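Same chain, two partners: chain A is paired with chain B first, then with chain C.
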Partner chain A sequence: MTAPALIEVRDLSIGFTGRAGETLPVLRNVDLVVGAGETVGLVGESGSGKSTLALAMMGYLKGGLRVLGGGTRFRDRETFRLTARALQTMRGGDLALIPQNAGQALTPTLRVSALIAEALRLHSRVPAAAHHARAIELLAQVRLPDPEALLRRYPHELSGGQQQRVAIAMALAGEPNALLLDEPTTGLDVTTQAHVLELLRDLAARTGTAMVYVSHDLGAIARVCDRVVVMYAGELVLDGSARSVLRAPAHPYAHGLVASIPRLGGSGLPRAMEGRPPPPGGAGVGCAFVDRCALAVERCRAARPALDLVLDGTRSRCHRAVDAAARSARGEPASPRARASADPSTPALRVRDLCISYARPRVLDQLLGREPDAVPTVDGITLDVARGETLALVGESGSGKSSILKALAGLVTPRGGAVALADGEALAPSVELRTPAVRREIQLVFQNPDESLNPRHTVAEILAQPLRLYFDLDAEALRERSAELLERVRLGPHYLERLPAQLSGGEKQRVAIARAFAARPSVVLCDEVTSALDVSVQAAVLDLLDQLRAEARVTYVFVSHDLAVVRALADRVVVLYQGRVCELGPVGAVYDLPAHPYTEMLLRAVLEPDPDVAPSLLGEDVVERAPPARGCPFQRRCHRRVGEICASESPPVQLGGDGHQIRCHRPLAELARLQALEAPAASAPPESAGNRGDGR
Partner chain B sequence: MVRLIARRLVLGLATVALVSLIIFAGVEALPGDACTAFLERDAQGQLLENCRRDLGLNRSAPRRYLDWVANLLAGDLGRTANGQRPIADLVGPRARNSFLLASIAALVGIPLAIVLGVITALARDRLADIWLSAVAILAMTVPEFVSATVLLLVFSVWLGWFPGVVLVSADAPIAALLPQLVLPVITVTLVLTAHILRMVRSSVIEVMGSDYVQMAVLKGVPYWQVVFRHVLPNALLPAINIIALTIAWLLGGLVVIEIVFNYPGLGRLMIESITKRDLPVVQAIAIILALVYVGVNLLADLMTMVLNPRLRTHHGGRR
Partner chain C sequence: MSAVVARRSFPGRALEVLRDMAARPSGAIGLALVLGHLLMAVASPWLAPHDYKAISATLMLKPPSATHWLGTDHIGRDVLTRTMLGGREALLVTAVATPVAVVWGGFLGVLFGLIGGRVDDVALRVVDAFLALPKILFVLATAAIFGASPPVLIPMLAFFYGIPVIRVARAATHDVVARDFVSAARARGHSTLAIIRRELVPNVRDVLLVEGAMRWSWMLLTFSSLSFLGFGVSPPTPDWGLMIKDASGFMSFAYWAVLAPIVALSSLIIGINLTADALAKALGVDRAQKAPG
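Here is the complex of A and B:
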């Protein structure tokens, strides 16, 4: 770190006043220096204080927070002592923020042109007459097509990726020396995320802008940052080069965090971390991680470790840092999945030619009984899911994966096709028409337990609802059964009297899972069940789901945008694009050779938490709003397009072995050959260090 | 956009049509009719029949409804129950008076409410907010007849600045009405300002907490520019509909205030007609008020649509 310091955080503690008047710290004694041109990743789970730290670098505190000690400096000036005017000059000028969820961070009543012109007016010397030209330049710099037209749009008229790029262009308007990025790609599709990250990497390399990249996603951090800083319970616990932190983290928490990330390459479930972080002010005199640490010794409880230099520039807040690094380097195998009990001879769920359309028939069509002529959102879905099998539906937003789930649950009435359970009898299309027995068989677990659990019901009441509905139980039996259900999702019976607000995110999702299993279903539909959870919690929930499946021999239909999670949990995977099946097959086969061009594009774009694995971007991240009326659904984005036939004819189904099927006009063998030809660049072994220079 | 406006227009017209039917059915359901009310104790035998024939009351109800609607469309409100005056002559000046009172109150009250609402929101939980909010809640909760009486006592009885009751006739020239209007306007403005102020305050506070305002601050936008460029345009959009409702209420619903000040407006005429059981007049006023409500709300919807890019470019909403 020879570069002069740009941002300096010295012994910074930030906290708020609790209900009893006590001071509760959210940041404790953070020391961090970011040099000019450096890219630093700030990793941690929710509540770790990473966003608070980043915003503090801009001299900004969220409501209720105050500085308890220490301070931050930017270019040798105390940030918290700057006048309002000096702060305004600094923010967005020399130090710019790229926000999380750009969709909500762009003022809805202002056009893109006004938003960028505002930044130019405040932070550049560009005269007003030249704002338009400069704005076009900036938009071109963030690789937005047709900047002229884009400037006239309002934020809501852009796709998520476009909004994020506009936010980046806005930040670049002041030609900053440092960028703070607050989870800039969270919520974007895999391919879009990969494109945005490549752009940021490129910017950092070309302009020498320093970056502080806040994220919970180690994959994204590994891609962009040279240095990684890990936060835990408001403390900086590990600070080192991206390679050392991700490969052999010299802190047990960072080790657990890295181990809990599911990988594309490995099969089996990632290791979950036990316990949860202490609440603000909840850490004792010793190390904040002591209760969850496998290496903890007497000293860890007695004294809080200091952030000490361990090896080659790595700082770790651990008494046993050297041992931790050694243990991490050995690695930990993923735990194998529970014995598969899938029995392909008895499908638990059969779907035939499912077709969903959201186009509302016009009044005239309704009167004449005509079908609406719009191209359906989802079409031609035919699947058999075996008992005890986990089938994953993957695809980007708009792929129709959630629509299919809703149709299976009867929440959306399909336009055509049939759904049947094990007995083979077609189910009524909507849930109102289904018998209680059928409803009991199909249960749903939602993405966000905060919204799917009634905040005014205790856990006991939540679990009692399905039990009362489907089984005639007396109070005693009800309680017994509820306690048993909680036991199965690894929560004690003392949780019965709690309200959802008194549970952590992972515990809430366990209760939601218990509620689904209370009905003794044969099919459980999981809609992005882990995407609202932190990685370490996610690992535990995935493990739980897998155990439950083996125990109860249920069938999962598991919707996710996270391809690594799917690899860890599923038996078979369906890749969807624009509501049509592109590829279907056993996870092993699909992931080892993603034959379909879309699957290939998706998998290549996934970011692995490894600084030496580079994603490759095939094609542009265009957003399509409606599937094409004819031909292959993927024709407009395909990098392996054959020709006219792709637009005119639906691709044929080609069968590989083992139930693997793809729909493409190119023969399977040819696709495999094409990929093998390009392979050296795309999937280089870690030793050859991808396309990222080691010297940086 | 054009289709959207057309849809709103059709919906508005449908509402008015439905309301006209309900009004007619309601009046129809009352015991007695215009003739029994007018003839009082003589309402029997030949006299009643003659009266009904003269007024066309002996025809079937659907027929009379259609006639009424046809006349309304032609701009004819009909005649009073005693058949002596065209209703339009009676309603016209009073509608003008109500409109005068409403527009002055709106012109004073709405800008005042918006300014105060923004001030209270920006000074949230500070002294200015606490005082203004407290006064607003007081103004909202004290019934108009109480505040009107207090104002009368202070300014008319004790100080003698303004006349206590309006003594000019309904069709007096506006200049003669103006001095009489001061106290009614103050009373109305109090309530109106309080309602809109609370609405604007909560809306501004909500927007101040949004991600895009935090972003604007972190982009280095000076405070007042944040307020005027990023906060207000977004915060005032939802206020438009509340303002519209308030205006509609002003135009038709000031019964209590008009009675207290003896102000010759539509509200008072309505009450008087009800007491006299002058059903054609009641019917006419009801349909006028329905038109006003629908019209003002339609206008508000259109305004929101014009000012809110998210509604204006509706087709792009799911891009």
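Here is the complex of A and C:
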């Protein structure tokens, strides 16, 4: 904090008027100074006020919010007192925002050239004649290949990562002193995310732009930021160097947050944090975190702690900050998984040669009775999932993992292949043709409970749907069973009369899980069930899923893009690329020695919440829209390509021990040897990780 | 929110929406106009000061006076009495036809929206073809052939005004069908009817309510146009459209006889439109407050 202050937030409180006319604060007495060239990460769960704070730095308040006290300054000017014109000049010019969803932030009817020209016209002194040259320069700066061609494209013709880069280029057009980044990589694939973060990191280092990086993802923050600020219930609770916050957080909340992140390295489930933050205005006289705190003492209830300097520049809002810092976050043992009851001799689910195509047969083909010649989206999926086992399907977007799940549920009719339950009899391809008994056996839990729960139904009605349909219970039995289900997902029967909107994200997902288990299924299909949840909530939901699996002896097919979550929960993992299996095997084997080049690439790109662990980027994050017609699905991006054979022939299945199989033209031993050779570079020490960006 | 709000039952929620509407200027004015007209339609037989069909050669086109507050028409009938009674038939016919239109149009719209695919494509073309036809010609022809009695007009209006409802309901359903709770219901194996009833209808109901209010005002205009063109209500039954037609010939010197039914008809239509507007906002706000975040 030696640099001159660029953004100053002084004693800022922001709130809104509640239904009864009372004032409810969403930010309480926030003090924060961001110096020139500093990179600050703003972390917190949804509702913690981190986005409100970031937007307030731009002098912007969401509808209904107002400043209750204090203010923000940018380059010594009060942002809330600026005229509309002055704000317009400042925003996007000197202080630029990079939004969460670039795909929605870019005007769909304008080409990239027009988008960047607009930013240049409004926020730079570059003459119109030089716009084209400057635009190319900016696109090159964000490492977009072939900028000339890109300028002519429309936003929808770009991949998510490219869109985000264009948004960054637009923000850089005004040569800003500071960038506000609102979850800029949240919707992106792991490898793309790693690339974008590397870019941001380099930009910050090269241009000396200050960054305020808002995210719930501590891994991303650890990668980009030198300093981390933790928000809880509208308060700034911890402010310190990234290393101190992530290694030895001097606040119990930050401690819990760090401990709840699933890690690639360790096995077992991450530690869940109990309880939930108080609602706006719900914090008492004491510390807002007191009800969830393991270290709470008398004093914590009586008096709200001040934000005090603890040690080496760390500020913490905790009476027991020193004790909290003494407990290392990493030393915390993860809770072990409920003992696996998987029994490989009796597969609960069998999939043979599953093939899915979304290509509609053309009329001519239909008339001639020809098969459509499009390359199927998903092909050659053969799996046996044992009873009580958790099988994870991982891959980036477009890997076909959700399509496979939908085909298993019968929501998508596959083009070919067979699916069978324990009895081995092939199921009808579509859900409408399956028998009620089969439908009952296979249940689905969706990604986003806001979408999967009917907003007009109470919890009681939601749970009654499967109970009535499959078991034909009378009113009393129905209520009893619903209450019991809620109990099993650790919600009480008092939730029965609530509407989804009256539940938190985690509670909604628990209701969705209860609904799936209401059918007494043998197979539960989980589609990214925790990706819409906060990390601390995610940990609790993962724990619940694991408990339920052990209790009910169900089989999970668990789709996720989050490799750390998969490691925590799954027994076996299938790595998919473009709808084809690359690698399949027990989680331990696959993660400890990722043989297939794609698995290797994925695992290397994962961000650990540790500033000293750098992801290593193998290959470019090129976009692929369709799988190749022949050869290895991964041929175009592979960094270990052998040669012509990869494009012409499907890779052979190679068996490791313990059911581990990979599909690659290179022999297993050779892959292992190649990786071992590069190992020192891959697990790079911090110095070389920092240099790598310049070398590229 | 920590406060546990018990689920609001139907009358509770309806009351809340009404209160929200009444708190808005558009809703307050609209509701007052609509309720005023409904009350008048019910009570006018007892309130009307004169006999609506009493004609008088001596009282032709007299300006407003103490005995005839709004003057008299071209055959000496009391304009106030006829204006008070003139909305009864129109309100009766449209108040029956509107819900019928919303229900059948809404059901088909939701069904097409759910089924989707080819059926939906074809159905939509048929709907568009019907929408392209001038409704008024069909209604006129039917009224001319079968007479303009309520048993003819109600199904006629309900049919033609149900068609645009199909389009609206279908569009609203498309948004809901794409959501996971519908997939979840399909995956569990509920019947199509159960999915429509439990998953879809509760989520398109608000849109249909507002659409219904809009259709109602259009229907009233059509009904009055019919009378105006001489194919609707037959004399001596008082009706605004008919009154406007009869009095329009003398407009230049006996403005009162034409002004009274015009004000009555337009105030009702404006009232319905304002109510629909406030209803849309009240239901929209209701949704926004329930949304997470």
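Operating definition for what follows: the second predicted complex is superposed on the first by the 680 of 696 C-alpha atoms of A that agree within 3 Å, B and C clash if a C-alpha of one lies under 4 Å from a C-alpha of the other, contacts with A are read in each partner's own complex, and residues count from 1 in each chain.
Criterion: contacts are C-beta pairs under 8 Å (C-beta built on N, C-alpha and C of every residue); 3 or more make two chains touch, one makes a residue touch a chain.
What you see is a predicted model; the values in this text were computed from it and never measured.
> Under the stated touch criterion, which partner chain does A:Ala519 make contact with: chain B (first), chain C (second), both, or neither?
A:Ala519 contacts chain C only, not chain B.
> What is the contact status of A:Gly265 with respect to chain B (first) and chain C (second): first, second, both, or neither?
neither
> Would you check which partner chain A:Gly275 touches, where first means chain B only, second means chain C only, and both and neither mean what they say?
neither
> Once the shared chain is lined up, is A:Gly208 touching chain B (first), chain C (second), both, or neither of them?
After superposing on A, A:Gly208 lies clear of both chain B and chain C.
> Output check: A:Pro667 vs chain B and chain C. Expected answer is one of first, second, both, neither. What do you get?
Touch status of A:Pro667: no partner.
> If we overlay the two complexes on their shared chain A, which of chain B and chain C does A:Met170 touch? Say first, second, both or neither.
Touch partner of A:Met170: chain B, not chain C.
> On the A-aligned overlay, A:Thr458 touches which partner chain: chain B = first, chain C = second, or both, or neither?
After superposition on chain A, A:Thr458 lies in contact with chain C alone.
> Across the two complexes, what residues of chain A are contacted by chain B and by chain C?
In chain A, nothing is touched by chain B and also by chain C.
> List the residues on chain C that touch chain A in their complex, please.
1-2, 4-7, 179-181, 183-190, 198-199, 202-203, 290-292
> Give every residue of chain A touching chain B within the complex, in rising order.
Residues in contact with chain B: 55, 58, 60, 84, 87-93, 96-97, 99, 101, 104-111, 118-119, 122-123, 153-154, 156-159, 167, 170, 174, 623, 625.
> Which chain B residues qualify as touching chain A in the complex?
Listed in rising order, the residues are 210-223, 229-230, 233-234, 237, 308-310, 313, 316-319.
> Name, in rising order, each residue of chain A that touches chain C in their complex.
278-279, 282, 409-411, 431-432, 434, 436, 439, 442-444, 446-448, 450-458, 461, 465-466, 469-470, 494, 497-499, 501-502, 505, 515, 519
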